[in-house]
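Note that the chains take the letters A, B, C, D, E and F in the order they are written out, and that residue 1 is the start of every chain.
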Amino acid sequence: VTAVRQPIEYADAAPEVRAVYDDIMATRKTDWINNFWKVLAHDPPTLRRIWANIKQVMGPGALDPLTKEMLYVAVSASNGCHYCIASHGAAARRQGMTEAQYSELLAIVGLANETNRLVTALDVPVDVRFR
Amino acid sequence: VTAVRQPIEYADAAPEVRAVYDDIMATRKTDWINNFWKVLAHDPPTLRRIWANIKQVMGPGALDPLTKEMLYVAVSASNGCHYCIASHGAAARRQGMTEAQYSELLAIVGLANETNRLVTALDVPVDVRFR
Amino acid sequence: VTAVRQPIEYADAAPEVRAVYDDIMATRKTDWINNFWKVLAHDPPTLRRIWANIKQVMGPGALDPLTKEMLYVAVSASNGCHYCIASHGAAARRQGMTEAQYSELLAIVGLANETNRLVTALDVPVDVRFR
Amino acid sequence: VTAVRQPIEYADAAPEVRAVYDDIMATRKTDWINNFWKVLAHDPPTLRRIWANIKQVMGPGALDPLTKEMLYVAVSASNGCHYCIASHGAAARRQGMTEAQYSELLAIVGLANETNRLVTALDVPVDVRFR
Amino acid sequence: VTAVRQPIEYADAAPEVRAVYDDIMATRKTDWINNFWKVLAHDPPTLRRIWANIKQVMGPGALDPLTKEMLYVAVSASNGCHYCIASHGAAARRQGMTEAQYSELLAIVGLANETNRLVTALDVPVDVRFR
Amino acid sequence: VTAVRQPIEYADAAPEVRAVYDDIMATRKTDWINNFWKVLAHDPPTLRRIWANIKQVMGPGALDPLTKEMLYVAVSASNGCHYCIASHGAAARRQGMTEAQYSELLAIVGLANETNRLVTALDVPVDVRFR
């Protein structure tokens, strides 16, 4: 029993883990796996489950891939998850996010956190038109 | 000194408050003011300041208006601010957000909150490629 | 086993609960008990423990009583706890907090939540002078 | 497009950035700029906007400067923003905050976070006297 | 496009939604569906996905069902999700959770939130023995 | 006045601090003190108060010691407190927590954070059966 889980490389991975790694690389058309998956690999059922979720939620749908990644970055920035900002920020940049767009995204995250607190603290009643 | 601040209607507002209300309506090309501003109106300097922030951050820029509103909704949903979800959700719908897009937005908010915790709890090291 | 815990009034309280109620009223020089304690009273060890904490932390010390209550309100507003804003807001008003001071307090809570996110998301390095 | 934004020093800053740096130093009667502003400088409109907010909210008003800085520290400690604790903690110390006062501030932050959760989880009804 | 999603009853549900409802009832050996699923039913892919997650994570494993439900309640209480406290609290009670156990659970949630903030604010270095 | 508080070792501690250290070691049947207490030792009243809380809440009661530590870890993981995950994770392992159990605990923390947001954002009405 160890406190910290080291990333498991492809060469050292069990077949059930390699199967997920293979699907990630095939789906993303890339030849490497980032550390999130290599750390989750200590728990194969969770690795499979989280990948199935990401594949479904971030796959083709009603929102374009760039918007999806920017929404992921915004929530991660709001929650202060550095790794998630870095990984989904990289994905957003691959989808074309510019520095100016990233700056605006961060500005919205900051301002929403400010007004969310003001609204909640002041217990602003929801307007009838919004119901 | 009262614990709860009631919305201040235009008819009852001081000139400095009306000036902000007028700018909100002119900027948004609408003829009404939602409760957030009417409650903030008890504190005119904050009313002016927050409106100036919203006007700048949510105004024309590198991101389109729909994406901006969806980012605002995503952060508000992650923070559990019902009023903010309702008001910015309404704004996003006016900009064309469909129910299918809203469903995907919520799915991303939920999943990001899950993986944000897993990543942080497991202290996943940031990949060199992301730096 | 019930899902919701109703406030326990003094008349219905066990002696060990009454003892805490009595100490709260004597310490605060008041003749009533607010609902927080009446709900905690379902669990006497927690009632006693939390009251002992509040009595120590909010009692006389290096900070004046008004500042202490305003700090409590600020954290509660940031966390969105309506009951806590109401109860500690009332205590702060009894200590002399004006509406103008409360407005500034809320403005700081909002702005700190905004800059906290920007700083964390941008991973700003701590200046040597601050160490 | 880079993932991490390095602080921009005065010597390397564009005129619009220098103008903000100059106003920060003049307002604070100091001759240096801390990293928060140097990192925000990659996005001049946000730099200007956030500085205008800080200048208004943290400037002279109904609360004294020490109380304002302590409120900022309390929210930042509650949110776990190390940089913000360090920078506003330094500002509070310049305004006279003692170690004993800081200890009491942290105790309030901790205890408020405890009771905020108990109150919310138990859904304590707001007392009529608090309305 | 409506702002609020009403629960969808079995009688009004599409076949793909009924299939999930049927599996929930069969798995839980019950004859009714709680509102969470009926609201998610507006978005069948999310309904199916979240149910698949809950079924896997909360199903038989290394932790007994009561411990699993109590962990779910603890996180939900810490996050202030009333519905989740109610629904998973009910599930924990069906698994045998007593009022005394629930009181201890809440006490741990409150105290952990207090010490989490103290530890983070004070930036306590992790002991070598814990690594 | 210093910004960072260094751990205070037993040899350097004042008698009132040593008294708490002694009680921690005696209660836990161990011969060392972890950094949390050594940092809190800069503020003896808080050191005594927090230890009294931990001793009461985490001591013998209606829940077994392993379940208590796992609940503490779950809240700490949800809040992203690395030190707390490490220290209470170590305590849970001493009580017998296996890697498989820890994996399930983390999976519940992640999933609860996801569904907590979905439930709150969708404002799911509490079922009558849960009241």
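Note that in this section a residue touches a chain if its C-beta (ideal position, glycine included) is under 8 Å from a C-beta of that chain, and two chains touch if they have at least 3 such contacts.
Predicted model only: the values in this text are computed from it and were never measured.
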Angle of rotation relating chain B to chain E [CA atoms, steps of 5 degrees]: 120
Pair joined by the larger number of C-beta contacts - B-C, C-D: C-D
Chain pair repeating A-C, as identified from A-F, B-E or D-E when over half of the contact pairs by residue number coincide: D-E
Farthest chain relative to chain C (centres taken as mean CA coordinates): A
Same or different contact residues where chain F meets its copy chain E, judged by the half mark: same
Computed distance of Cα centres, chain D from chain A, in Å: 28
Centre distance in Å when chain C and chain F are each reduced to the mean of their C-alpha atoms: 21
For chain A, residues that touch 2 or more chains besides their own: 3-4, 46, 49-50, 53, 57, 78, 80-82, 86, 89-90, 98, 103, 106-107, 109-111, 113-116, 118, 120, 122-123, 130-131
Complex contacts: residues of chain A adjacent to chain B: 4-5, 7, 32, 34-36, 39-40, 46, 50, 53-54, 57-58, 61-63, 67-68, 70-72, 74-76, 78-79, 81-84, 86-87, 89-90, 98, 100-101, 103-105, 107-109, 111-116, 118-120, 122-127, 129-131
Residues of chain C defined as touching chain E within the complex: 1, 3, 42-43, 46, 49-50, 80-81
For the chain B and chain D complex, residues of the former touching the latter: 3-4, 45, 49, 52-53, 56-57, 130-131
Residue ranges of chain F touching chain A (in the complex, touch as defined): 80, 86, 89-90, 93, 97-99, 103, 106-107, 110
Chain F residues within the chain B interface of the complex: 77-78, 80, 82, 85, 106, 109-111, 113-118, 120-123
